[in-house]
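Which chain is which? They are A, B, C and D, in the order written, and residues in each are numbered from 1.
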Amino acid sequence: MTRSPPIHRAPLSRREALLFEAGVKLGGIFHQYLGIPVTPRTAPGLARTIERAVSLQPFVVSVRATIDPRRGGPMGRGRFAYRYLNPEMIEVPVLPRDGPEAVEARFAHRADLRYPLMSVIRVRGPVRGSPPRRRAA
Amino acid sequence: MTRSPPIHRAPLSRREALLFEAGVKLGGIFHQYLGIPVTPRTAPGLARTIERAVSLQPFVVSVRATIDPRRGGPMGRGRFAYRYLNPEMIEVPVLPRDGPEAVEARFAHRADLRYPLMSVIRVRGPVRGSPPRRRAA
Amino acid sequence: MTRSPPIHRAPLSRREALLFEAGVKLGGIFHQYLGIPVTPRTAPGLARTIERAVSLQPFVVSVRATIDPRRGGPMGRGRFAYRYLNPEMIEVPVLPRDGPEAVEARFAHRADLRYPLMSVIRVRGPVRGSPPRRRAA
Amino acid sequence: MTRSPPIHRAPLSRREALLFEAGVKLGGIFHQYLGIPVTPRTAPGLARTIERAVSLQPFVVSVRATIDPRRGGPMGRGRFAYRYLNPEMIEVPVLPRDGPEAVEARFAHRADLRYPLMSVIRVRGPVRGSPPRRRAA
């Protein structure tokens, strides 16, 4: 940690900073990868590439993308027999972590809401009482 | 607010949920708009379009994008005399708000870090003691 | 024209070079703008921004985007009452031109093909007999 | 081929249709993948994923992406020690083919032009005299 400069000007607890980071990752996934051509055959490789890319970003210790190109409408025929990645096809849980604390967040299409929902599933580790990062440093 | 279904399964305070939302917006801005052709003449219109789009997303009450295409390297000549939006050109502060609480976060290129930094500048309103949203509902 | 360096190593006629450019524009539109938050209220402004951006690219003299966010599925409620730009919502005819010759091409979702089709509608001006650009220069 | 519906309303020769397709692919690559986090370690996997995705698109028989994250400026430190894919890092030759004819086109950053140039390198096979596709069908 000592190699990296501080990120936030606001005094945030680790938990709070992780919630921000979880949002950054999910917002980025949605807006970066939609539109990539995909079929059931290429979906696993694309999912791995997304995982490896997201894993480079700060604090991410786990990300597991699943892509099912059969969701979200039928495929074309002949030379149009592939799809473009859309929000209905993809689910991505991410787990940013900082020491003992971690946030589990997820991007998944919610048919009931007609909306690609990004949400926090769980927060792990010491919570409210954790000292703000700035004071701890 | 009563029209909208709950977002998170985890019990988050308003402040915490806003930090997550701030991250979603900034991560999305970075990965959506980079690559758009831009010149000093078209930059203000593009900035307004980004603001209007981000403002549609949940909780955002203020977003102010500034784009300076002259940053981030020289322009080409003749028919190549335009640039593609890159992280060095753009600064976007966003202000997601929920009732009395608000988070001020920002995307801005940090030359010293050689990195497009997304960070939280300030958190406003009742802080640590705020009850988790779930219990309050 | 004299201000700009030559683009292609292959000896292409103007017509051929314009067909290539038409493809570049349409391919770029598809992969750049999908995913941007949009409502019926913001759609015209987004369309103008796309037009202005595409117009910066070489040879484009006319581009007219229309976006109808009501196509391509229903909207969510409450704070989810907006959509993300998808291929079913948008139609973009582009007209790259070089002197007397022009190509009219279009990106439009084809429900019958279940495919966002990019295609050439018309080629205008002197056709087969036009001398290759390289020799003409 | 007989399974696929016709693409263009304009009567294009195979060569002309391939030039359009080459443009579509290159324009799409530029606007889809820029912004993906990358390091020298993840670059080859990202390049393969781009190749597989582009190969799904109509007429593409060969595409070979190379990504060098060390081009285009220095990397950050610590948790910022990665880059975002930018036009200076990537080179992608694509070869759309239709029967005996093929087009070799390429996306590559041209430092001398300060521009990410998409251009046609070579056209192979029967050229000017080829009958328009529509009449041949």
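Details
We take it that a residue touches a chain if its C-beta (ideal position, glycine included) is under 8 Å from a C-beta of that chain, and two chains touch if they have at least 3 such contacts.
Predicted model, so just to flag it, every value in this text is computed and none were measured.
Looking across B-D, A-D or B-C, the interface that copies A-C in more than half of its residue contact pairs is found at B-D.
Farthest from chain A in terms of Cα centroid separation is C. The centroid of the Cα atoms in chain B and the matching centroid in chain C are 28 Å apart. Look at where the CA atoms of chain A average out and do the same for chain B: the two points lie 17 Å apart.
Here the CA centre of chain B is 31 Å from the CA centre of chain D. Each of the following residues of chain A touches two or more other chains: 5, 30-32, 35, 77, 80, 113. On the side of chain C, the complex with chain B involves touching residues 3-5, 32, 35-39, 42, 45-46, 48-49, 52-54, 56-59, 77-80, 82. Those residues of chain A that touch chain C in the shared complex are 30-31, 34-35, 73-77, 80, 84, 86-87, 113-116. Residues of chain C touching chain D in their complex: 5, 7-10, 12, 15-17, 19-32, 104-105, 113, 117-123, 128.
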